[in-house]
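Down below are the structures I want you to see.
Below are two complexes that have subunit A in common, paired first with subunit B and then with subunit C.
After this line comes the complex of A and B, so read on.
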């Protein structure tokens, strides 16, 4: 049996859960003539709505753990609850979306169970003894096929966007929902979380921009930003940046594109001196046309670019500005 | 306050990837190495906590002989001493093997707080800090952007996705993983570099009998998912041609 761990916050399902359901369905279909069963577990407090939403999936059942101790996420609470669910259901695989939340508890759960954990997988391939999981390494410069070892279940998290949630199979009738009771000792939860909050309101909404010129480490210094700004002006574009630029304080955080910043999908995205770390790519790969200018021909940004120039941005950009003015 | 910071040595940013003969790991002899960037931020945060609260900073790394270089660098920036779990096989090992190596060498030290980067720029597993916490029986929090130490607890600011944050309080001892950009990094001074030579690096052997839970069966240059039109020529020619194609082909400007 394949177990999918759903993610929800305050009763709202994280859409990435559907992508994990799609991954589970692909793995189940490949498991042999009698496809493996799939169960989804949702945990939290007052999650009936989430369970009902998930029951639309083509799975054998939706299992819920509804406990006030799980109202706000903590790694200790989640690990205690999931350890018991996994003992009861005895799955062969446990699948999760690769989110900031699962990054926080999945390694703890796997270590507690002493089971393999493969993180941030982008695809599954058949291997000589069980499935092999594909994941990016070395900042996207290399890709690895990784095999899990040791007793089951093996735990795998999937990169956001690796599978399509809208292609997850829906069942002809809602799947049965079953509540499982677990014992969670609230006093044993060592983290005391406060309510999530947003920092000062975003003053720039890059998600609505039609054109974006984004700068990365290749811009070398804050004093070179006017060059990028001139190109943005010539294109009628907003200025964006990769994380290191905002970390350095060269541009405010609300200009940041990527998993910790904004997710954008403009008509054209011009990446200047951005190598293309996965954290950046997930924030902009929905762009219609991607242009990359980078001096490193191995930069992963070229893997998703439609147009690329391998060269020095300090030579290319002034020539582009001049060409745009003609 | 007794603080540990776990760091990793990874191939440097401008390294051109080359594979070993088996095609399951990189050719280590070709690579140049540097301190994993998120770990550099964790080191900086450790030094700042020591400056504020007193105590010592012990820098720990598990890896082959070459990792002594980043340990020296951390000592030069201000760490007080180092622990090096020395083993050739640790270079490409999985999180369970590395965390077991670190926990065996660190357990007796009874640190108040352990910091590490949120993930490494080589395998990028993003697991070792959390697995280490579990092995040492410590509470943890990940992807931290601010740290406030109180008398017997710690209040940390977790980064969530899409610009959201959350404060979490935990009792000490605890482990936190640090997000890049939490602080501004310092460089080693000449005095620091000279002083580092006299600081202790304790060597430890990795424990026996820990088998990896995952192995790399194939490593390769990623297959392109998109057909990129690479535009050649001088920078000026390429720029003119790019603008033409954006106007006439892609019609986005």
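After this line comes the complex of A and C, so read on.
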């Protein structure tokens, strides 16, 4: 059996959990004609909502550990709880998303179990004796194929974004949810968590946006911004801007992308009337797909665009909006 | 009796003078020795021009400078007179009755009138005109010294009217003597210490602008952390400062309304030394914010009439901060990019390769190529600047110049060096030097003035000596006498203005070559305020290319410079540095409609379109 450890905070599921479910499903499918069962374990306090959400996955069951001592994350509490669950379920693999929280407790958990740990894996390959995990080394200069030695279960964490959460298989009917009771000695938890820290966030956090429509000087006037906004709405995107737009006060500073604003890495970045000064490019070069619309065929933005449209944005954008709405 | 009194006053005055000088000399000698005597010929030449002929003092402020020169020459001329009179007054020897002395006095009369005119002008300027560089308050001490000098001249001239042995004559003599001795006692603790120190400081000033010595990691040097790290030349600089404010009024950061004032940095250094705590942290003596506002444009150091070097102090203090992990956040990203990708943008190496292939560049081979073209971070990665590089290649090919590029380049390390990340600078520099030595070019050509300074000057400290020229200089020589034709395509013509890059105009002194090219190819140059060897920086240098997030509204150096260029009325701004181009285009874009219809074009593209 493959066990996926879900990550939640205050009843909100970390989306990266779905990526780990997808990884588990791929491993299960590759394990042979009799696909291995998958269980997801969620731990915390009052996590029925999270469990119900996870039950949509195509897995054999969702296990919950609901204990007041787990209301706030502590490495000691999590390790104690998970150690008991793993002993009870006896999985062959324990999978986690490589989040900051995982980085904190996964080594401790593996050490407690005296089992191998492979971190930050980006892919899975079949091997002669069990799966082989791919991870990068030396700051991405090399990729290594790593197989775990020693008795099962092996603990593996997956790089965020290595698998697609939206492609995790959903079951025809919700998976059964089973509560497992564990005993946690509150006195043995050495950490005292503070209330979760909420950073005074910029009102717009473009760095987390999946899609961004960004406007530059080609938009000509503040009165044309609604056009860009309509495109953003049609795409479900956030609105960004280059420096001149924010300098002119047409959009607030927290919408600014580039070396003088936010560094973004969305899946889709649509640049409207942005010439692509290097100071802007360095702020969005991590975007997956760049779509550029500009009148000037020599605009530097086309050098890095995946799709370029040389044309008047006042003609192109309405056509795009119309196409998206049909 | 009067002889005895004079002896007493003289001993007292010299005692006060000597005690104060000793304090300062001890501080200078206690500092790690950074005095250098290389290029003795250049130093002697500068001494002659800047000390004897007061070139630097006059050049920037002709009226005040000339007035100062008159006072200075008068002081020198009067040295023999003062000595002779004191020898007499002290009863040692009386030479005042010789024919030689009578003639000397006659000559001095002309000097005395000139000094009076000079000091009179300077007093009015200081007390009533009050230029901003002299500070917000009128210095009582400076007024007193000015009046002292005037008194000396008046009492000298009065000797013609008053008989030596009359009461009035005696009083006149004593006033003259006492003023001299009072002046002497005031010198060391005031900015008038420059009378004695500035000739030495000017001689010891590095012949190259912005010369910042490499750190020696074997000796565990980390830069300026505490007062005891200040070098002997820095200490000398601190006590030499005459507080004229030339550095201040020429500083682009100060000019844009930022906190940095180079004069304040020097006076803070002086105060930190005099405070006597050698373990005091320099980050507290200065303010970190001001230290990070320096673009290393070199205006302060280049304008200083008394030989002060500001950049070693500013960059040294940055090194002290960086070695403690106290660099500003935006530099963290830059350092990451330099470390992982070897370029300032953090772009992948394949992008340079793409450009090299699309521009059909060959790998440099000394047997086949005349010059090695150094692309630099901008040429290798910045799409906009690559157009200028293609223009340069076209010009070179048209004239049959055979050139190649290195298979791989790192950033020269300029941003690391100027922001005080010395370790990273040396890593990049030594790597590049190894590659350059292996390639073996006799001449390197680049369009980046920062690369010219770093490879051509800074790399010498590693023993790598190569000729590197900026494209403006190379192409000027290449196309001398070639006819121009009307511009092709949409290239603008007519009135142009040229923005001198600091690292080309000020550092390399190449100001005529770009202008000659512009004129030769039909440009009608409208000169902006602050041009040639003293341009106003675009704001990009010293790592500040990446700092505009930090800039407070209304204090962007690039906006100030763009406005100056705009005011020339020229429709085309010609640049010759990738970073100036980025900054000024940014300022133009941000100015919106107020920026007007201005075209930016790199010098190489300007020429290529008209060749």
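The definition used in the following text is that the second predicted complex is superposed on the first by the 199 of 326 C-alpha atoms of A that agree within 3 Å, B and C clash if a C-alpha of one lies under 4 Å from a C-alpha of the other, contacts with A are read in each partner's own complex, and residues count from 1 in each chain.
We adopt the following convention: contacts are C-beta pairs under 8 Å (C-beta built on N, C-alpha and C of every residue); 3 or more make two chains touch, one makes a residue touch a chain.
Nothing here was measured: the structure is a model prediction, and the numbers come from that model.
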| message | Quick one: is A:260 in contact with subunit B, with subunit C, with both, or with neither? Answer first, second, both or neither. | response | both
| query | After superposition on the shared chain, which partner residues are touched by A:181: those of subunit B (first), subunit C (second), both, or neither? | reply | neither
| Superposed model, subunit A: greater residue contact from subunit B or subunit C | B
| message | After the superposition on A, what does A:303 contact: first (subunit B), second (subunit C), both or neither? | response | both
| Where does A:319 make contact in the superposed view: on subunit B (first), on subunit C (second), on both, or on neither? | first
| said: After the superposition on A, what does A:282 contact: first (subunit B), second (subunit C), both or neither? | reply: second
| request: Enumerate the residues of subunit A that count as touching subunit B in its complex and touching subunit C in the other. | output: 139, 243-244, 247-248, 259-261, 298, 300, 303-304
| For subunit A, which residues are in contact with subunit B within the complex? | 74-76, 99-101, 103-105, 107-108, 110-112, 114-120, 127, 132, 135-150, 190-199, 202, 211, 235-236, 243-244, 246-248, 253-254, 259-263, 267-268, 275, 288-292, 296, 298, 300, 302-312, 315-317, 319-320, 322-324
| request: Flag every residue of subunit A that touches subunit C in the complex, lowest number first. | output: 139, 217, 242-244, 247-248, 259-261, 276-279, 281-282, 285, 298, 300, 303-304
| query | Which bits of subunit C are touching subunit A when the two form their complex? | reply | 330, 340, 345-347, 378, 381-384, 387, 546, 548-549, 582, 585-586, 589-590, 592
| field | In the complex with subunit A, residue positions of subunit B that touch it | value | 11, 13-17, 19, 26, 95-96, 99, 118, 121-131, 133-135, 139-143, 158-171, 174, 179-181, 211-226, 228-231, 235-236, 238-240, 242-246, 250, 252-253
